[in-house]
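Below, chain A partners chain B and then partners chain C, in two separate complexes.
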Partner chain A sequence: MKSIRWFVAGFVVMMLFGWVIFPAILYTHEEQPLQFSHKVHSGETVGLPCQDCHRLSADGRFEGVPAIAKCAECHAEAIGSTADERLLVEEYVKKGREIPWLVYARGPQNASFPHASHLIGAGLACERCHGSQGTAESLPAFRRNRISGESQAIWGTSIAGFKMAEWDGMKMDDCARCHRERGVANTCLKCHK
Partner chain B sequence: MNSSISRRDLLRFAGGGVLGLLLSPLPWKVLDDSAIWTQNWPWIPEPSRGPITWSASTCSLCGAGCGVRVRSSNGHPVSLAGQAGHPMSAGTLCATGLLAHHLACHPSRVLQPIRITNGTERTAADMATIVAAIHAAHSASTSASPAIAVIDSRPGRAASRLLMELAHQWPSAAYGVAPQAGRARTDLIRKHFRTAVPEFAADIQHARLIVSFGAPLVDGWGTAATARTLLAETSAHPRPRLIQIEPVRSRTANVAETWIPVTPGTEHVCALAIAQAIIEGRRMKSAVRARAEDAAALAAFLHDLDLPPAVRRCGISDARILEIARSLSDEPASVVVASPAAPEEVQSAVLLLNLVAGTFFREGGLRPLPEIPGAARTTDARTLEDFDDHSLSVIILDESAAGADIPAAVFGQKLKPGSGIVVSLSPFAAPRPVPIQYVIPAAVWGERLTDVAGTSPAGEISVGLAMPVMPARPDTFDTAAFLGAVTGTSQPSTEEILRQRIAAIWSGRRGMVYDPSSPTLRPVHAFGGTDALWSVLQSGGCWIDGPRPAGSMPAFRFLPAGLAEHLTKRVAATKAATAPALALVITSDPLRRDQAFDATLMSKVRDESGLYLPCGSVAIHPTTAEAHNVGVGDDATLSINGTTLPVHIACDSSVPPGLVSAMDGDGPVALAQSKISDRSVGSVASATSAPSVIPVTLWKA
Partner chain C sequence: MVIDLDRCTGCGACVIACAVENNVPPAHEGTTPRTGLTWMRVVRVDDGRSFPDTRSVFVPLMCQQCDHHTPCVSVCPQNAVEYDEETGIVTQVPVRCLGCRYCMTACPYHARYFNWWDPEWPAGMEQTLNPDVSTRMRGVAEKCNFCHGRLQAARAKAAAGSRPLAPDDYQPACVEACPTEAIVFGDLNDPRSTVSAAASSPDTFRLLEHLGTGPKVRYRSRSAAVRESLTRNSVSSEKEQVHG
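Showing the complex of A and B:
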């Protein structure tokens, strides 16, 4: 019985380490330069559609995170009295500095993702890949994989790689699966630069 | 109760821990993340983030002039594709061209002048030292023969004119060209005609029947568009009938309608037998007979050769030879081609067959190549072999465009013993057996503006511009800048000399221009002037010579001086040859021919695909292996004329029994090639299985 106890103890300790402690130490916790509420901007308070800030340019190029000039259209002066609002106006808008956002969905450098083909061509909703990000009250901490350097959003929230939701994870497998389901070509150069 | 922890407990704990670890995501996640980490070494170039843009250009890696669509991220090319409507390439690109943008980061890339000693040791060199060495050779030259050879790896470029001018400016220097694939064949063709004839190209695009003697038609013989012409079947363009006569089942033989295995070394007999069948079957066209000065003499010559005993050695039945003869005479758009590496008697016999079948000056046959407007005439320029032995103090080798394929032994033969140096202008310094002392860094494709003069599968010539699509490395040179540094004079810029070429095209008002923005072909005279032409070519278009009449056949001789004697001797040798235990066939890997210009990713894909026999291996049929008591993967020694090479034995059922197939390339076989003659006798000795020695006769395919 004693022999099994030691074996089980080793088993449990390493299972705990692998499933609980390892994920906690694998990813960094990096705070965004300032807080931003998608809920306020896209909800009833302001009511902006996603495309107002994250828009496709005339040539079909996705402009991604908006430049500070876009923020300045409304925030030339502070709206409200929060610390983040002050920081936005004083440090970024007035100084014309871009905000060094940590982009959760930024994929590896060797692949490209044309938003135009996915939004217009395939008719996918933003939520298909970004989940409820567009209605979140605050920005969660950015979690960077200490080994690969990629955002946790690429691998997904489950350390085992299980998909917890349709939007969870943007690995090559996820892209390939979606392409396969929709009968879209899965050749290397379709995505890889 | 004993609470002490024994060693056994610890082992149990560790055992449980290992099992627990394996059932947790830790090892698998670490493995996955580490794999990603290893893709992001600091020295691996990172594709830039930024706007994705498309531009059009022309590939300049070879003379085909394929149209390229460049996809760039933040102004840096990230992928290449063919231009769908391009008249030279019809949307295709070869494996190397698809990854041309990787060449800027090639492991053999040089970015500063280097000195190479003992073949492999590289040290940084000073440009001033190299220039001083060239000047010293120039000023010390007193003899009447040139002391400096300026060798152009890709004649026909606008920059070729600059190299010629340098040779004119310096009395001690002479311009030369690297051996061109079609040069020897052109010389052989000219012997048949009393009047001057231009170069000829096979009109593959319009041919309905192609008889190929080992020509790697779909494997690097022409352009990617040539392969497409042969492989793709469309309602507008049905596939031509291809008869491949070759000892081994090559990739071209695989896609041919008919593959006829032939005994190595008897291809010329086969070609002569087909020619004889046409003549004796009274199938020679009257137009050919009318222009030939010695039709009767040819018939008598072929009769006197007494071919049947030699034909039996070919391994081809008389019925098959008659069938090919009938097809060639019945099909007006037919052509016979030979591998550029085939020996002279095969080339001569194939030309003779083309003359008998009347394929010259015919659509779908052999058509004359017109000259490119504004190009310096280089068809009569000498090659490095033509210079006097041990006469050169300096060989300046312009390898900024791939193309130089000069046997290593020639350098040693032409340089002054002990003091001669070779200076190469090249983007790469891959180890190779050429005794180059200095390498001046050149730009790779996409870094600097250059031009490409190509030939289409229809034998049409074209001119395109390879545009800069990425920032040029500051310390690299193009031909103009290099010559400026050598002569210390101001040379016209590449753009200036290219504009002169475009002006010559405009003033000639000849041909058509492909505009990728439309995409259409418009006649040159429809453009407003040189600037409009320049603008279209800059945006990835190309000038292509317009449709032209095939021309008329001038008077010719079937048997120019010396040909009858040469062929008689070779046919007699074939009859007298005793059958070797095995014939060694060395085939060349077209993508390995110039390793430096080989994209590393594509080399890896190709090497791991198993499509090509790796260098350092020889392949034999399983029954041959069994008969000679050798096994798969055996280490063996290939000995040819005293040159001993370690090789591995691979069994391949596509190699006919009785043959040993080896791949030419950058491996030991390539080194051996420089030391062996056409028909060397050697052996393959297996060291792994029971010792056995297989005598072989080398045959260069």
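Showing the complex of A and C:
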């Protein structure tokens, strides 16, 4: 009886460590330099289309997160009265500094991802890969894997690798699976550089 | 790709353009002709006679993109080297490489290189790196892949324009840099392309033709002696030039 109790106690401790404590210490918890609300900007208040800030240029390059010049179009002076907006105007717009955004989706340096092929070629929506970030009210904390240095968005939120949603996790396997389903050739140097 | 040896002056512009395009670092201190990273180099081959009778030819040398028995692909224990059926390009994924250098031994053209050192750039020069090509690390092999960064950019551009990739959508850096237009690049399978016209001329040949690796890099020269010598003999020698 006693040995079973020890076994159960050890099992519980190890499970707790593996499933709760390890993931908590594996990832950092970094705040974005300032809060930004997609809901305000692409929702009813301002109503900017996504392409206004996340432009795909005609030569196929995706411009990603907009430069400070884009924000300055409207925020040359503070419009509202929030602390984040004041920070934006005082620290970045007036000083002409770029905001050091932490990009959740960005993969390792050796992988290359063409938005053009997926948005135009494959006709996919942003939500398929990014979830509801485009309508979110605030930016969540950025979580970096302390071992690999990559964003948590690559592996996904579940430490066991279960997909919590279709867009959760963007590992090589996740890219390749969709390509297989849609008959896109998976040769290494299509995605690697 | 077809390289016209009669036009090549050995200036080395292709070597520099290649290194800049593909983020090849400056040679590390202590680099020898055998340990340098020279995706592309220009080798001088002469006929062995002494001055003033000697005749020499400059041979730009890079991965020959073998078509059959692709030696490096078949020996790689890691699947880090792949033959791309769609383009015919022999590709290399350095992050997958374990550094055994088996591929370098297998390559009859000595066109594969090993990173003996971590890459280092003079201060400030890392700002000029090409974002479309990843930098490598110590302990992996690398080689020419016909500027895949440009191919990927061309694919993205074609996708943005909702059209399929056209064979002449991109040119590798060496082709662009050559001042005498000695290098022609395109789709060898397209009978109307300039490159297939050049490749079907009777004065073209392949290096070490008898090995049967079927390189997709062809050379041409009007001199029968040059054709004869390069078809049979290995061109890499002690005189290998090192990019520095």
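By definition in this document, the second predicted complex is superposed on the first by the 193 of 193 C-alpha atoms of A that agree within 3 Å, B and C clash if a C-alpha of one lies under 4 Å from a C-alpha of the other, contacts with A are read in each partner's own complex, and residues count from 1 in each chain.
One rule holds in what follows: a residue touches a chain if its C-beta (ideal position, glycine included) is under 8 Å from a C-beta of that chain, and two chains touch if they have at least 3 such contacts.
Just so you know, these numbers come straight off a predicted model, no measurement behind them.
In the three-chain model built by superposing on chain A, chain B clashes with chain C. Using the contact criterion defined above for the overlaid structures, shared-chain residue A:L26 touches chain B, although it does not reach chain C. Residue contacts after overlaying the shared chain place A:D52 against neither chain B nor chain C. Applying the stated contact rule after C-alpha superposition, one finds that A:R61 touches each of chain B and chain C. Legend: residue contacts after superposition of the two complexes on their common chain; A:E127 is shown touching neither chain B nor chain C. Of the two partner chains placed by superposition, only chain B is touched by A:E150; chain C is not. By the touch criterion defined above, A:S112 lies against chain B and chain C together after alignment on the C-alpha atoms of chain A. Legend: residue contacts after superposition of the two complexes on their common chain; A:A185 is shown touching chain C, with no touch to chain B.
Look at A:D84: by the touch rule set out above, it reaches neither chain B nor chain C. Legend: residue contacts after superposition of the two complexes on their common chain; A:M14 is shown touching chain B, with no touch to chain C. Between chain B and chain C, more residues of chain A are touched by B.
On chain A, the surface touched by chain B in one complex and the surface touched by chain C in the other have residues 59, 61, 109-110, 112, 114, 189, 192-193 in common. Considering their complex, residues 82, 84-86, 89, 91-96, 132-135, 145, 148-149, 151-153, 155-162 of chain C touch chain A.
Touching chain C in their complex are the following residues of chain A: 56-61, 109-110, 112, 114-117, 120-121, 185, 187-190, 192-193.
Those residues of chain B lying in contact with chain A across their complex are 8-10, 12-21, 23-27, 29-30, 32-34, 36-37, 39-40, 46-47, 49, 51-52, 73, 78-79. Across the complex, chain B is touched by residues 2-3, 6-15, 17-19, 22-23, 26, 59, 61, 108-110, 112, 114, 145, 147-150, 159-161, 189, 192-193 of chain A.
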